[in-house]
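Before any comments, here is the structure.
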Amino acid sequence: MVKVVILGQGYVGSIFALGVERIKNGDLGYYGVPLANELPIKIEEIEIVGSYDVDKSKIGRSLYEVVKLYWDNNIPESLKSIVVRKGIHLRSLKNLPIEAEGLEDEMTLSEVVEKLIEEWKDLKAEVFINVCTTEASVPFESKEELIKAIEENNKERLTATQVYTYAIAKYAKEVGGAAFVNAIPTLIANDPAFVELAKESNLVIFGDDGATGATPLTADILSHLAQRNRYVKDIAQFNIGGNTDFLALTDKERNKSKEFTKSSIVKDILGYDAPHYIKPTGFLEPLGDKKFIAMHIEYVSFNGAVDELMITGRINDSPALAGLLVDLARLGKLAIERREFGTVYPVNAFYMKNPGPKEMGNIPRIIAYEKMRVWAGLNPKWF
Amino acid sequence: MVKVVILGQGYVGSIFALGVERIKNGDLGYYGVPLANELPIKIEEIEIVGSYDVDKSKIGRSLYEVVKLYWDNNIPESLKSIVVRKGIHLRSLKNLPIEAEGLEDEMTLSEVVEKLIEEWKDLKAEVFINVCTTEASVPFESKEELIKAIEENNKERLTATQVYTYAIAKYAKEVGGAAFVNAIPTLIANDPAFVELAKESNLVIFGDDGATGATPLTADILSHLAQRNRYVKDIAQFNIGGNTDFLALTDKERNKSKEFTKSSIVKDILGYDAPHYIKPTGFLEPLGDKKFIAMHIEYVSFNGAVDELMITGRINDSPALAGLLVDLARLGKLAIERREFGTVYPVNAFYMKNPGPKEMGNIPRIIAYEKMRVWAGLNPKWF
Amino acid sequence: MVKVVILGQGYVGSIFALGVERIKNGDLGYYGVPLANELPIKIEEIEIVGSYDVDKSKIGRSLYEVVKLYWDNNIPESLKSIVVRKGIHLRSLKNLPIEAEGLEDEMTLSEVVEKLIEEWKDLKAEVFINVCTTEASVPFESKEELIKAIEENNKERLTATQVYTYAIAKYAKEVGGAAFVNAIPTLIANDPAFVELAKESNLVIFGDDGATGATPLTADILSHLAQRNRYVKDIAQFNIGGNTDFLALTDKERNKSKEFTKSSIVKDILGYDAPHYIKPTGFLEPLGDKKFIAMHIEYVSFNGAVDELMITGRINDSPALAGLLVDLARLGKLAIERREFGTVYPVNAFYMKNPGPKEMGNIPRIIAYEKMRVWAGLNPKWF
Amino acid sequence: MVKVVILGQGYVGSIFALGVERIKNGDLGYYGVPLANELPIKIEEIEIVGSYDVDKSKIGRSLYEVVKLYWDNNIPESLKSIVVRKGIHLRSLKNLPIEAEGLEDEMTLSEVVEKLIEEWKDLKAEVFINVCTTEASVPFESKEELIKAIEENNKERLTATQVYTYAIAKYAKEVGGAAFVNAIPTLIANDPAFVELAKESNLVIFGDDGATGATPLTADILSHLAQRNRYVKDIAQFNIGGNTDFLALTDKERNKSKEFTKSSIVKDILGYDAPHYIKPTGFLEPLGDKKFIAMHIEYVSFNGAVDELMITGRINDSPALAGLLVDLARLGKLAIERREFGTVYPVNAFYMKNPGPKEMGNIPRIIAYEKMRVWAGLNPKWF
């Protein structure tokens, strides 16, 4: 059994919950789940035990009702038993057209942490999946600074993700082990403060920023060019979508944190910083969750010839990430069992846009996939 | 030193010769050559010693003059010393608007073979690069059948590539070693008859069909999808260009041999034969050597979501292949030195669309690249 | 009231019938119908009175049941009252995986004609919409030759469309007026034999080949370039789909008739025959009715600069044509009322890929639209 | 003879000067010039008599030397005789990495105006072409307010384009006629203050913002959809380039003025404001003057079917506009001769993104082209 708590019950969290239940009911196959059911821990063993959000219209409602906002037929009845609880806000929905409230409105952050730990003990939570809205955040670098900010109730310095991670670390220490999957850009697996904290708290961290959308595809295409020693002159990549995450990214500060994780692949894969423009570009409501991507890559081939690739696509944003989470929940449990606390690069390198720890970079996903399989105790597929 | 003979002095062969000389002169860097100058055998050691063609207007002219047909400035003077010799025709330019003649017009195939061997001994040839026009051919499967066809002067059964390979095998046996790089779709590395012959003749065969253009890119994109367990619903891939190779492919029979090597990747990479349409599509003269490619891939992601990718591009056909040949010439010499006769899958898997031997299939190129590096004595780049 | 008979109850005919009934029921707006409800004859006045096909599995079944093959929810009950009758085959489904039978199996073509006329008199048919599968056909040029072929029961010479048109002309003469909308490539409005016959038989002909898909879009893009005096170097246009029409076009002969109507726009719009490759390219079953199109256009701008456009798209094939038919049925009735017998260029120029009569060509659709509005008694929109 | 003064000697102005001289020398045909040489005033009659800029490194140099920055072979010697003069700056290069100086650094704006008028009288200037860098500007609406701003030397309120236009109006009044072609987004033909001033000053204004790039193409594609009554769900359009204009547009304020003229077409053509994202997106230096465009349009066809178009392209930015200027210079002279002072909608509607006067909107370019021809005394091409 893998007992999962969802932090941020938006589109991705809802498709994740829906998909897992549909698989359990035999209504859905394993497509979109990289490891399908190859792991010793089966998808059917995933049990969603808790859910947190700060949208007033969601708190107190059942997961069934929330999932209905994103999907309209055949929602499994089993989702009726989970109720969305009030979580940490700390400006995470700021500037969005959503009425929000957080636990910190009524108590100090230290009290929030204690309250959450008690709830999680009741739920016997094991793996926490963070799919909050993209935040504007500043990493801590030092554990002491982080602890000080919590203790001083410094609400301006901290984001929801940072407080959640701190609370989960404390929880993990008390109960002997837990895993935190950070699927958003806030630096956690890349923040030495959190990695150090995790190591001494029986906490597994996977992060940062789930590797979906155009970025991992760009990584593999750049690998393709790098291996043929083609010189990339320039890369332009546009993304536009109509879900809340794109709306949130119209906010300049949040956009920056996203831009960083997207851009880092260029130098990591090519070995030089080819001129590039890789940014989430805009919000266009009718596109919904199915974003439009457009990419242009220009490179030099043999004898000075210049080639061009133009890639466009329509990609369902939330299911892509939700499918990865089905693996990550199980890999989190596996890491707890193996007591591999801190962060796990072979997992991050495949599943994350900005794989921690900080000193590591991106490698071609196709290679990362094989390394991850080996880490998970599976045979490599081709190597 | 790597002494190279070019078989088929068309666009690819000319850009190869031009690029190698420009590199020697310091006029060109290593872009487009996958291994750049990492190998112990340096690019500067490549020496083109011979060239064969069957186009009447090329035979007897210098490489300098032939290269001028494809490139218009700063052609190295060094190309003036190599003269294009008459080679084997056997219908290889049939139906093309080119006046052709072949050695077999005046003598039997056995005599042709003997004549060529004598010439190659004079040239001290080591590596033979086959960049003839795509042929319609039938593999032999048995060595005996092949030998019989040569002896009986069966011009209808044999293609130019098959006779060249036979001649080179005989030459290799006599001189102690040679390498044949088959960059066109004719099955050689995939024909057990030739692989058996190579093993007993000190011949290295690399083949078949140089992995350039849309196909290796498609392979890596399919790998990308396979590793995320996305179910590919369908693949359409179009190619159109204006060089002689596209003109030749308007011929139905030749097209078939190309279609086969292009299509085989789908099942090899995905593990199932996703419905696909992958064919060279047409000839459009003003596109010249810079072909237009278009691709559409539709796949199922998590929770049944359907995504789509549309890829278009302009790709210089000949330089892409010529750049690979710069590696293959040197790897051929390396294999001779190591006495790895027969065919070498780790080389073929990266450089060839249809990697021999017959029983092996395609693997993701990014993986193949690492295996090839290891075979070549280099460190893997990421693994 | 406009009493319509559908010839060929496939995808297009079924979406047409479905859409018209849904509009009548208030379930669907007017999107995709160029003139919406601007005409004096309203969409609600269209009454489908008859349907013909040669697919054994369709003959004798209700339109309701046939539409269900293409659409799966909320089919209007009103379609239950129309039964698909046996029509003319004459090889129109040859080589397709469909068991077919035609009236001509049991009687001569002259008898078929008489039988149909009797049925149509019962139905009080006014407008006939031809959406049979694309045929391989040869135009007649002379009316006498056509009549002779019918009288001699020359089944090899004639196609289903040609015999239908002949029968409808005879019917029109007897009842005082009828209209024939030829939405497939068979030359009818472009065959002087049929136009002459129509003029003397009270028959209105609209044709040939409904202007949907990539071709009219290409026409408008070429117009865009022509008006800026940009010189088009080359045009490549690919189409691939998974419906019966694409399957039929894998047949070389049928493909040719399609290629012709697609290619003629280039010279008509640009004034010179820019090198082009414009062909239906292939069949890929999972694409279904939503074809994939890809286009590449390269042109010279000021000061010799070369620009490129790459266009891809997913386009629902049948609804696009069905929407045009909603106008054409009403315009057919209008033309009968005005007694404009023969063929009507201002209608054809907007709605048809190959607008008849033969001596007329393509003009930019945006211009043609205005002229058509004027013909229909409406104000031009912008001119 | 048409005596032309170029305001802003950047990429567009240089390609315009170069192209005109190459045409005069017989080195270049008429491609990219919409009316080619159909007008009674011939291209060969265009004479560039003056040039203004504020880039310190250009002022005082010959046009020959400036053109060399953008083009590297065969620059006509005739350009050596024109020297770039110091023009009006007023922050037009603010935030760009260019050292700039303007006439207003040393004198009041009223003095600048007088000085320029004297120079233009010497040059006998007739048509002024404004191709300054995109500015952030605020329209005046009232003529009095404009005059007051000049008189009060209000450098914060005015932009270079506004002061130039004022000066040219004053000049036109004195000499009896002149034309001002505003090829940038600053509202001039759309500012009632300037149109009123023009009418009473013998000034012809063409504007605003030359219709090149993706926007006029989008207009024609939207017209294509509108005429088929397809309902446009959403439009995304991206542009990225590497010339100074794209660099300037990274400045938020300038970008806004561009966004406005780009977006206005949607409602003008469709009749409703379909959700859209149409903005210059970014700067990517290696793309140079050949921008990359990407577009996505999603629309509803008949029976509720949803289609999609994805358009990408590489378009040379400056030659596209320069080609239009070759017509506009001549049409300006024509309008002076006809004494059509104020602004001329039939010209603007085809050549401008935001055609003035303010109360008029966009119409499909293909229609506008015909109307413009009629205005210019030519036969329509298709209507």
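Which chain is which? They are A, B, C and D, in the order written, and residues in each are numbered from 1.
One rule holds for everything that comes next: a contact is a pair of C-beta atoms (placed from the backbone, for glycine too) under 8 Å apart; a residue touches a chain by one contact, two chains touch by 3 or more.
Just so you know, these numbers come straight off a predicted model, no measurement behind them.
Participant: Determine the shortest chain-contact distance, in steps, between chain A and chain C.
Facilitator: Shortest path length, in steps: 2.
Participant: For chain B and chain C, let me know how many angstrom lie between their CA-based centres, rounded off.
Facilitator: 47
Participant: Taking each chain's centre as the mean of its CA atoms, how far is chain B from chain D in angstrom?
Facilitator: It comes to 51 Å between the two C-alpha centres.
Participant: Can you give the whole-Å distance between the Cα centres of chain C and chain D?
Facilitator: So the centre of chain C lies 44 Å away from the centre of chain D.
Participant: Which residues does chain C have that touch at least 2 chains other than itself?
Facilitator: Answer for chain C, listing residues that touch two or more other chains: 308, 310, 312, 314.
Participant: Going by the touch rule set out above, what shape does the chain contact graph take here: line, ring, star, complete or other?
Facilitator: ring
Participant: Mind giving me all the chain pairs that touch?
Facilitator: A-B, A-D, B-C, C-D
Participant: Which residues of chain A touch chain B in the complex?
Facilitator: Residue list for chain A touching chain B: 15, 18-19, 22, 28, 30-36, 216-217, 220-221, 223-224, 227-231, 290, 300-316, 319-320, 322-324, 326, 350, 363-367, 369-371, 381-383.
Participant: Spell out the residues on chain A that touch chain D in their complex, using ranges where they run on.
Facilitator: Residues 233-234, 236, 238, 240, 275-277, 279, 281-287, 292, 294, 296, 298, 308, 310, 312, 314 of chain A touch chain D in their complex.
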